[in-house]
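Order of writing sets the chain letters: A, B and C. Residues in each chain are counted from 1.
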Amino acid sequence: MTFFQADNISINFGGIRAVDGVSFQVTKGEVFTVIGPNGAGKTTIFNLVSRFYDPTEGRLVFEDNDITKVPSYRIAALGIARTFQNIELFEHATLLQNLLLARHAHKRSNFFSELLFLPSVRRLEVEHREAVEKVIDFLDLQQYRDSFIVNLPYGVRKVTELARALCTDPKLLLLDEPSSGLNVEETDDMAFWIQDIKNLLGITVLMVEHDMKLVSAVSDRVLALNYGRPLAMGTVQEVQAHPEVIRAYLGG
Amino acid sequence: MRFPFKTSYEQDTRLFRDRIDASWYVLLAALVVLLPAVLPAYYVGETTWVFIYAITGVSLMVLVGYTGLVSLGHAAFLGIGAYAHAFFIEHGVPWVVSAAMAVTLATACGLVVGLPALRMTGIYLAIATLAFSVIIQEVFSRWESVTHGLSGMAVPKAHIFGVSFGGETAFYYLCLFFLVLALWLTRNLLRAPTGRAWIAIRDSEIAAQSMGVNLAIYKSIAFAYSAGLMGLAGVLFAHKIAFLAPDIFTILLSIQLLLLVIVGGLGSLHGAVFGAIFVALLPPVIAILRDSIPASFHDFSAASGLAPIGWFGDAIGNFLKKPGVEAGIFGVILVLVILLEPLGMYGRWVKIRIFFSTFPMYKRATFKRQRSYMKTERLR
Amino acid sequence: MTDRARPSYWHGEKAASDRPTGSRGRKLDIFLQLTLNGLAVGCIYGLVALGFVLIYKATELVNFAQGDLLMLGAFVCYMAVVWWGLDYWLSFLIAVLAVAAFGALLDAVLLRRVIGQPQFAVVMLTIGLGAVFRTFASVTWGSEIYTLPTPFGGVTRIAGVTISHQYLSIIVGTLILCSVLYGFFNHTRIGVAMQATSQNQLAAYYMGIPVKRIFSMIWAISAGVATAAGVLLAPVTLIDINMGLAVALKAFAAAVLGGFGSIPGALVGGIVIGLIELYAGATLPDGFKDTAPYIVLLVMLVVRPQGLFGTPGRKKV
């Protein structure tokens, strides 16, 4: 069975070919990292997987289903969750509300029962809350539960993004630069969490990251991109030693 | 500061935070119920306006304050509810059925407007709703067989199941009932997935989508629900004003309703009620000042022998009598609120409460909003 | 307040109904005249819309008080001509400069503070300002209707088509104004700096452009353009405190029709709205004159939500 596969995907923005014939497979249970200089098209790949953009060519497959045409709001229910490079939290809501919203894909109540807040809705709310509390415990966010996001420091917001993605109960987790803007300690925490997510929760991770220390600490395989085209794929050492990759980073 | 001790998750889904909160609301309810017994009929009537405006406030709060969609044409839905109800009543439909049909019609119109609105954002949506309301207003004045056009339409007093709600006090309780109903239903939605989806759409459409929120559906629900509440307010509005004319439901009314939610405080149901108190009571307060300021200043100048104080009082009185001054006062207040207290009256109220509950430790920075100059809503 | 509350000023449909119809030549004559008047009215909408767009492109603020600046400008010009007995052209200049200065002041004192707040809050702020301006006008000048004497009283007949100089002056004035603005934005240092600021504030700031001063100047230009529109419009609609509101609503529709943020879009949108209004007034039943532009706008927004010249945009993540 194919867990996740990107098959020769490309996208054009006007004249720019932001992603140009990229193919890769992610196997269940691994941490797969995409690296590349700024503007290489890494985030664009995530946006294609989240179905914000339609690929000009190519196919995306998740658990043997073609998801190239699935609307973006269905992606979460399929089991793919993501974080954003520049934090996209619901700023004027509490952390708890942010995480509860992530349970939306598992919503089972209908509008009219919610209007009257029937006992069934109350029960479901408690179920969602229990799921959310597990994630809060996992990431140590207890003390911020009722804080509004606008009042939280950057590091906590970054963790909240991760928590929100975990609350959707994903099978595949897309992390867009999880360590950007974090200090050394926070980055170390992030590395541990990613390992725990892989080992304890059994979630497959597809990650974009610039910090090579974090990349080598957690990744099983790495794909290097430049100008939307794949340069090299393999273990961290292999990719780091690849002459094309070195040239792309050093600007040859 | 009070930290409620929580022992179960269910506690966070309750209507009131804890016993102490609940007892304050019980006290408030008792006060509101007993008010007509002590207040003169005129003031009971004015308070009824507060309730009706509060329902419109809840309606707009859902759309603007929670979902982040701006409508510059909500007076149209108020008008649709009012005219539909008046028309059905005129044709002998029982009150409850008529009101239900009027609300349904307003909801349906909201859905129809909401559908094309799904693809628009910000200023485009505001103008589209404005265009809709201009067209509806023209319909009100041209569709004479239903609305009696420019000559207007008288609305009889409310009779429900043979009981007359014509008196000020009876109608007061009727409006109070519907306000509480509207608040309760809306609060229910807000503590359930639908309300969270609205908030998510307001704060980040893109993240909401990737968490599984179908934007089209939840925006439509917000539009339809908001329009339905407006229709309900329209039903009561029709009885209260007793005479409908197309030029009531103008863009100026829509703007006044938006002013209500802003002054009250966007993003809270309390704000809708605070704003309603403000909007409904400001005109009578201005009227009272207009008459009492010159008189009291004259008394004072006679007592103190300072003639200029009397002239000053006259000047204020004359200024307040000029046409259009009321709109100007609303305008000044709107400008001041947005500049000085973007969180509105409710925001101010929360700050004051926190100031006292944390007393010597209060820090102003608690509410310092972060600099947002790098944020852009413009899509290049 | 919609335009219906105000008497109908555009003479399009009157001109049409005054004449016996029948011969093809007459019809053509009426059609040409309607088109000319529609163009003139559309130019006014276009100018006001241009003011919206200039401010929006630079500061991301949507200025709902643009119509009321137009009204203030018309009143200042009236005062200069009638009360102080000044020459029309001198008064025109005084009005434009005075209101432009006022616009810059508004930016420096008030609007600069709300940059970065949600768009909706700013819209409401400027709506509030508009209400204050109207109240100011009604307290200062009363609610009468004033007539501004102008040098453009007559008519010219070309090939059987009657052209009123009032309408002609609007079209010519708009053309002149637009070419001046075009030259200014493309061929002066400061104009180019304004364009740069509109495209990327931060980059402009790093390049040493005084961004705040540029914002104030853009406000001044928008307010000045609104005043010019008001003075040109004054002989047609006459001057009263609500003249701005009616125009601003249509101009808003025009700016959105053209794609909010596009300068050619604003002008084209204005002319389209002006023409629709006059054609609908002349050919369709009562009531369509004021609603037809909005119906067209709604249909257009359903088909093309980003407007005629707008580019569909979406937040990048």
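Rule of thumb we're sticking to: a contact is a pair of C-beta atoms (placed from the backbone, for glycine too) under 8 Å apart; a residue touches a chain by one contact, two chains touch by 3 or more.
Quick caveat, the model's predicted, so the values are computed rather than measured.
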| item | value |
| --- | --- |
| Contact pairs, highest-scoring chain pair | B-C |
| Innermost chain, taking as reference the mean of every protein Cα atom displayed | B |
| Subunit A and subunit C, separation of their C-alpha mean positions in angstrom | 48 |
| Inter-chain centre distance, subunit B versus subunit C - centres from mean C-alpha coordinates, in Å | 32 |
| CA centroid of subunit A to CA centroid of subunit B, Å | 40 |
| Contacts with two or more other chains, residues of subunit C listed in rising order | 314, 317 |
| Subunit B, residues touching no fewer than two other chains | 206 |
| Multi-partner residues of subunit A (each touching 2 or more other chains) | 52, 84, 88 |
| Subunit B - residues contacting subunit C, complex | 64, 70, 116, 119-120, 122-124, 126-128, 130-132, 134-135, 137-138, 141-142, 205-206, 247, 250-252, 255, 258-259, 262, 319, 322-325, 327-335, 338-339, 342, 371-380 |
| Residue ranges of subunit A touching subunit B (in the complex, touch as defined) | 50, 52, 71-77, 81-82, 84, 88-93, 96-97, 100-105, 107, 109, 111, 114-117, 121-122, 125-126, 129-130, 133, 150-151, 164, 168 |
| List of subunit B residues in touch with subunit A within their complex | 9-10, 12-13, 185, 188-189, 191-194, 196-197, 199-200, 202-204, 206-215, 221, 267, 366, 369-370 |
| Partner subunit B, residues of subunit C touching it in the complex | 1-2, 4-5, 56, 60, 62, 110, 113-125, 127-132, 134-136, 138-139, 143, 202, 241, 249, 252-253, 256, 260-261, 286-287, 290-291, 294-295, 297-298, 301-302, 305-307, 313-315, 317 |
